[in-house]
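Shared chain: chain A. Partners: chain B in the first complex, chain C in the second.
Presenting the complex of A and B:
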């Protein structure tokens, strides 16, 4: 086991309240988070490994995992590209409404997921503002053959919802790094004869990489577990557009508690691995930030 | 989540740096315009349009339908339950956040980093699992299910389950904000207060709290927004009983699934307004926090 969060030696503290504060913290953490989560593990342990494997390797479950992880990876990749661009514009350029846009970037955090879900569905449904553009009679519909391009109620709709909820993670991780960047680096690169693109690729991008990876991992982790904004637009067709969290709900509705818990455990293990990766990435990022000699003031 | 929740001082608050003044930090105009068009276009399509769509769909059938949807008794009872869940979970997690930040930021002990990771755990758990864990504990087949039934306590498919699920998903918000802030401020000021004869509580109320008030408020605002808007976790434990165990987001879902789109978007527009108020408050707190930092530096 990993070391328990308790002091091994008694130390002398000037400030009071350590035992009370830490004791309360650990008690509350255990009651609200650790004990309930351990229920997932213990419930699954009532199964043999073979039974557990049968549940999570059922074709419908595997299809839902593939969709959740695949769509989350693609969405996080899209967010890295556009999140970096948006952060760049917010930090470097002046344009009207910039402060308002900066504040609205956090909308996916603040907007309840169910609201995002029905709004996206209304937009991308075949009769919606965007969906109708891609419908057979729409402006872009003909590009995708006679049927047009169906977005809502397909895996493409899942992707759209995951892009929506993931964007602020990338913008908000990259933005502070861009703001702290010393302009001397770029000036040195330019004075040594580098083209702007060379400066970006060889000087700026390596500095931004840890932040971009952190943003990617955060957006990916959120997307894998996302439920509210996806289920409305997904259409939830078995084997096609069912996400992994929905499989848990489906099993619960059939009173298959063990089945639901087995899927939950598989997802939990994965998110814990991701969490460790994110922590390591953030440590790397912090190390990079402290190593450089003082930022721009 | 981690990076996203940290109190961020926006650019421009502390004096703007003009990147376009030097040829070394500026791009060719065509590139600048391409980047601006692409990123603002992306922003408009992916973030702005859904927001506009909520209000447009809500008012599509006129103000009469809109008002009727909002004054429906089931909608009002959903408002009450949403407020109740937030009124319980926000103070609980506020007290926890202060206590965790005091222990972690003001003292040294082993396993501190691990404890911080555990506090973040609810952010990386799917909301559906956050609901499932309470079913496993208090559900009919759960650990404490028989005990709850014996004492005539209804927890799952009832209000207590909704509160528990909300507490779980909003657990890290305040702690996340306070820990880095209080770590950055160190403990010299509190130690000075104690040496000068203040009690621990006096040091906390008069020194620590004024120092972290903006960070605290920031955490509370985000915690509250999530508490009122949570859908997945609450949906698992609610049982969707109209007028009894429906929060506002669940009410939106029920109306939507009944093809009552105008009413669903009307209720959704209230939640969207809540999100806009949250963002406005958040921006204000960031601004005040930046000013306070500026004042303490100069």
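Presenting the complex of A and C:
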């Protein structure tokens, strides 16, 4: 037997062979993830840094980055709040049609994105069911001044589409944690005199935060890259409602493949940095919890 | 467990292989742009029947449709298209530039610069023309909403932009820098009136007809007529401007592919069929303007006379147009970002 250094001391594992498993993991990741991504990198490397910077700092591209990342962050935040509520409802309550609603949550996953985009546009356009309520002359239109509130073909429309596609990520990551959570915990907190809000903030939230952060990260990552469902509702006005993936498509349409990969690389780096930050936040939060077991109540 | 033995599988595989090799001799792949789908659905059976009568060979023609630049990109990437049928020549020129898939003289190998039909940019307005839109100059009126597909991503949008540009040049008169400045001012006013830029022609159609946005949709004549037929003729009117652009649809045999697959004879005959009276008749039925004078005359009621100019004659060819107007930082970018 080979003597392994301390961290690799042999222990019993269900699956055989740490070396085999690690080798497989790395090979698989390389093939599926790293190879396509490095192709993006290498294609971009044919540009000088100056050229690369000119492409990604063009005002239209910068505006599209702001919209894509800004709207994705807001959409993910909205989904964290309402996704948690939905998951709570589905786990803790029994009501007729619960199975049906549970299945409905996954619909944004399964629906072809273009279908979602067209449906949302039809709803929120100034002559759609919801859009007409906010149009001048609609039920709520007057609340927003003479012009009413335009939803489709504005950044607001983009946000709605991103909220739609991101919802399942939060619900599905939080749901299993909630299911494992024993109600005894809350009962104990209550019997120790905690108010409802205290129980939620000091007992439930710390347990749920890692799952919520994961859901947030997944919903965000999906929203940044989303094209199909957004493109119909965005209106695609330069400097206002152009999303970053549209800038890539625009470059491709002009056969400017290198320019397209330059924007793709910039998006990739930005997304990676943000996801890394979310991961770090998760780690920090876990450390906080172990330091102060049980909170301060 | 499966009831099939390996022998059954071998048999099936063998049959598939036979079928595959039999088909390989007599298939053509036509890679085309988005809205030609219905046209080629009619063209293909007619040509297959004619080819069968002439050569005895049974031909299968497969179609692939999508956004034109994406389609050309797929062919560059290795999609084995025997023929490519597009709605603007840059999408064929790119196959000459990248990988030499098509010979540089493709325009000379078929009549009419290798374009069997043309269409032109016209206006679709709401019934009764409530905003009294007659010509391009009306589209620059403040407060009017004009629906145009994105010229950066759509051939339809590019033709619209160029039609407006050509109109402005002609109106100011002689060329030179003043005319160019005036034309730039004209198109920037027009695009200031555009509230939504859809990715493609069909998207713009939906925005205008289904979402009820805009006073006028600028699109191809065949698309405008089809909208009337599909959505109801009592809802829209077509307005022909005083001058518009000649949107010729070019076709080419993909030399590298047909030489490899041995399908040059069939591919060439297929494209020539488009120029034959029979092919031209089918084309006219789909509201594309045929090249054949006799066929055009027969359907004259469908195609009101309209003065047109072509990119080659008035604007110095596609290469120059791409450079000055649509490249990054070109005139289109300048007018749209300024806004």
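Going forward, the second predicted complex is superposed on the first by the 232 of 297 C-alpha atoms of A that agree within 3 Å, B and C clash if a C-alpha of one lies under 4 Å from a C-alpha of the other, contacts with A are read in each partner's own complex, and residues count from 1 in each chain.
Following the convention adopted for this analysis, a contact is a pair of C-beta atoms (placed from the backbone, for glycine too) under 8 Å apart; a residue touches a chain by one contact, two chains touch by 3 or more.
What you are looking at is a predicted structure, and each value in this text was computed from that prediction instead of being measured.
Of the two partner chains placed by superposition, A:204 touches none, neither chain B nor chain C.
In the superposition on chain A, contact of A:238 is made with chain C only, not with chain B. Using the contact criterion defined above for the overlaid structures, shared-chain residue A:152 touches chain C, although it does not reach chain B.
Of the two partner chains placed by superposition, only chain B is touched by A:164; chain C is not. Put simply, more of the residues of chain A are touched by B, taking chain B and chain C as the two choices.
In the superposition on chain A, A:58 contacts chain C only, with no contact to chain B. By the touch criterion defined above, A:126 reaches chain C but does not reach chain B.
Contacts of A:275 after superposition: chain B is touched, whereas chain C is not reached. Of the two partner chains placed by the overlay, chain B and chain C both lie in contact with A:252. Residues 118, 122, 128, 232, 246, 249, 252 of chain A contact both chain B in one complex and chain C in the other.
The part of chain A that touches chain B in the complex is made up of residues 2-8, 11, 13-18, 20-22, 24-26, 28-29, 32-37, 39-40, 43, 82, 85-86, 88-95, 98-99, 101-116, 118-120, 122-123, 128-130, 160, 163-164, 167-169, 172-173, 175-176, 179, 183, 186-187, 189-191, 196, 199, 214-215, 218, 221-222, 224-228, 232, 244-246, 248-249, 252, 257, 260-261, 264, 267-268, 271-272, 274-276, 278-279, 282, 296.
Those residues of chain C that touch chain A in the shared complex are 67, 69-70, 72-73, 94, 98, 150, 152-153, 195-199, 203, 206, 210-213, 322, 326-329, 333, 336-337, 339. Chain contact summary for the complex, chain A toward chain C: residues 55, 58-60, 118, 121-122, 125-128, 152-153, 231-232, 235-239, 246, 249-250, 252-256, 259. Interface residues of chain B facing chain A in the complex, by the touch rule stated above, are 1-4, 8, 10-12, 17, 19-20, 22-25, 27-28, 31-32, 35-36, 38-40, 42-43, 45-51, 53-54, 57, 96, 99-100, 102-104, 106-112, 114-115, 117-122, 124-129, 132-137, 139, 141-143, 167-168, 171, 187, 190-191, 194-195, 199-200, 203-204, 222, 225, 228-232, 235-236, 248-250, 252-253, 256, 261, 264-265, 268, 271-272, 274-276, 278-280, 282-283.
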